[in-house]
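Structure, as structure tokens:
By written order: A, B and C. Residues from 1 in each chain.
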Amino acid sequence: MIRFDGVTKTYADGTTAVDDLSLTAPTGKITVLVGPSGCGKTTTLRMVNRMIEPTAGTILIDGQDTAAMEPAAMRRGMGYVIQHAGLFPHRTVLDNIGTVPRLLGWDRRRTRERSLDVLERVGLSPDLAGRYPAQLSGGQQQRVGVARALAADPPVMLMDEPFSAVDPVVREQLQDEFLRLQAELGKTILFVTHDIDEAIKLGDQVAVMRVGGHLAQMAPPARLLARPVDDFVADFVGRDRGYRALGFRPTPKLPLRAEPTLVVGESPSDMSGQWCLVVDDRRRPLGWVRPGDLRGPVTVADLNRGGTVAVQGGSLRATLDAALSSPSGRGVIVDPTGALVGTVLAPEVVALVEEDRVTQAEAGSSP
Amino acid sequence: MIGAIWTWLTSTSSWSGDDGIPHRLLQHAGYSALVLVVAAAIAVPLGVWIGHSGHGRSLVTVANSLRAVPTLGLLFALTLVLQPHLQGNTAFLLPCVIALVLLAVPPILSGAYAGVEAVDPAARDAAKGVGMRPREVLRHVELPCALPLLMSGLRSAALQVIATATIAAYVGLGGLGRYLVDGIATNDYPRTGGGAVLVALFALVADIVGALVQARVVSPGLTGKGRRLARVDHPTVPSGATAS
Amino acid sequence: MSWLGGHLGEIFQLAWQHAWLAGLPLLVGLAIALPLGWFASRNTRAYVALVTSAGLLYTIPSLALFVLMPLIIGTRILDPVNVVVAMTIYTVALLVRVVADGLQSVPDDVRSAARAMGFGVVRRLVMVDLPLGVPVIASGLRVAAVSNVSIVSVASLIGTHQLGDLLVDGFNRAFAPPLVTGIVGCLLLALLFDGVIVWGARVLTPWLRGGTA
């Protein structure tokens, strides 16, 4: 647990970067600091490992005052990931990862084994172990950065915009893998970003900060979307927050309709029929076809892949999106293996959304 | 003329005694090595400190502007000023060594400074953030990353010193320069030309050795095949580009 | 001071001579280095070959190169042409790489924009690559200029007359005025060359002036 108690940072020129900040980042959870540039989020993060010294207040890690710790030793016990990875260009990937274990005095062999292990954990091939950072893509460099932070298995991780410098597709992959990794490892993570979508996706709780280093609101993402405390937060979390909030509501049991299916190479029996779902040999949906458009058996080229697919029991947002995006109007629901379970219509999902809202309101625990 | 030079280079008398090629070559190499070691002992720590701390950048500027002083003038002036205060062998040696050190310091200083200065701030921040102490940051990150520029500074200093040590024969220093200076004075062209060939070869070999050492000590991550040959974002002007 | 007054004519004569010996190689060297550098900037193999051989030429100590010049170009031993050619070799050796890097420093988007607008190779070189490469080339030229002025003084040892004569004269007679005059003269000449190059680069790059400059 990381606890900020009345922490203030004022620079020599009189600017206040962080103003009387108190918050707690609970053990084993991801706490995201988010806000516009100049809101002091990075300063806040860097005060934890004393890269920046607070002017006033205390920061406690598991009850211990950081001011009393020796900075270098303390930093070795915390993972540290930064925006441009900050890999050491003269060291191989493996040696980069092994930095902290070596500083801690591990022998070469144990460091090497551990580094290889972590390399695979972050989804990189062991073939990359002997490469140098300049030979990696931006996304690979960030993974190595994460691996380096994890190498000595620190309980606490500090991450400063770790995924901001890579393109959106890679960023999404990195985020997903980061969540998967965190589900395995359960680190206490303080994560800084300027991207509210990233904050909402990754955070167990999100601290929105405003310029001048004030904490505007600290809440789990769903609550932040549902109940922004003021205009600043409302504005910052954005316009489609009602829709995004559905991402945090599980879909209750649905009355699914059975869907007639085709496989590639088959011809539909009813050529006049409306949209038809095409699946593969393991009943995983591939796309939709309209029999009237076909000039023979279904080929891969005929498929309309516009619809998204929702996993049964997933979020209301995903379920609704599956229905809204489907060319047939019928949202495709699959089981965890990806096999088709049935379809659902948008009005049915909307009815569920409304039902969910009423239940939440009556329970008085509306997020 | 080439034949005469060849004759001089291959005659046995050129290869024996105190004025023989082996002895002159050893002298030249000895002075150059001594000067480089002294200059490096001054300039490397200073340059690294300036690059590391950001203090005293003006020192680099001053050192660089000193390069405009003609080497011949510096050599003569120092010799005239110092010689009356010295006795015996040191009277010839010391002024030359000091002049050569003064010439070798600027390229090494700017190489060391620029090398450390150019270390990626993110790598430096990460080094500190993962728990390296200032000394460890210097040893494990800043110095290894500074090596390419530091080494090219050392190499241009070496060339500068070898070239100027040749001229220093005029003020009484030994080494290969003796053949050139004495040859010119006595109108002995074979000797002059032979000396010139030896000096050129010596400089070439020294630079090749420097290149080999550089290739060995610099991490492939800083120069390797994954990188473009010509870094267009750092237009390259040789850092010690005043031969003499 | 009295020495200076009595030798002004001679000093200017030597300075003029020095300016020629150091300056002419700069112009000739630039004229040779531009096409070579342009070629190197377009061809990786040529770049490696040219930069490597330039580096090797640059290792030859000046006094040795002066002395060997007659052997290579067949001049007389005391001919000032030896010095001019030797200095040109140094200048080319230094500038080839600078020109190649300078021409490559043109941002890719600018270059493709030029191509998209239908500029041919030569037009693009003259109207885009060269002007944008001016700052880098000028910085290389400044280094070459300062270095040339210093090296030329060494030519006194092989009997080519210029400001270096004052240094030798001062040293041989253990007499400070000519020595100091020689040093100061070289410094002023280097400063003058530097100023001319900086001015020239400014004239050629009007877009870099104004605003923050």
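Note that a contact is a pair of C-beta atoms (placed from the backbone, for glycine too) under 8 Å apart; a residue touches a chain by one contact, two chains touch by 3 or more.
Please read these numbers as outputs of a predicted model, since none were measured by experiment.
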**Fill in**
Set B-C beside A-B; more C-beta pairs touch across B-C
**Fill in**
Averaging each chain's Cα atoms, the one nearest the global Cα mean turns out to be B
**Request:** With chain centres taken as the means of their Cα atoms, state the distance from subunit A to subunit C in Å.
**Result:** 58
**Item:** Whole-Å separation of chain centres (CA-atom averages), subunit B against subunit C
**Value:** 21
**Message:** Please tell me the distance, in whole Å, between the geometric centres of subunit A and subunit B computed from their C-alpha atoms.
**Reply:** 54
**Prompt:** Can you list the subunit C residues in contact with two or more other chains?
**Reply:** none
**Message:** Residue numbers of subunit A touching subunit B in their complex, please.
**Reply:** 49, 51, 71-77, 80, 82-92, 99-100, 103, 131-135, 145, 148-149, 158
**Request:** Can you check the complex and tell me which residues of subunit C touch subunit B?
**Result:** 44, 47-48, 55-56, 58-65, 67-68, 70-71, 77, 90, 94, 97-98, 100-102, 104-105, 136, 139-140, 143-144, 146-147, 149-151, 153-154, 156-159, 163-164, 167-168, 170-171, 174, 176, 179-180, 182-183, 186-187, 190-191
**Interfacial residue positions of subunit B with respect to subunit C in the complex** = 1-2, 5, 67-74, 76-77, 79-80, 159, 162-163, 166-167, 170-171, 177, 180-181, 184, 189, 192-193, 195-197, 199-200, 203-204, 206-207, 229-230, 232-233, 235-238, 241-244
**Interfacial residue positions of subunit B with respect to subunit A in the complex** = 120, 122-133, 136, 140-141, 144-145, 147, 218-222, 224-227
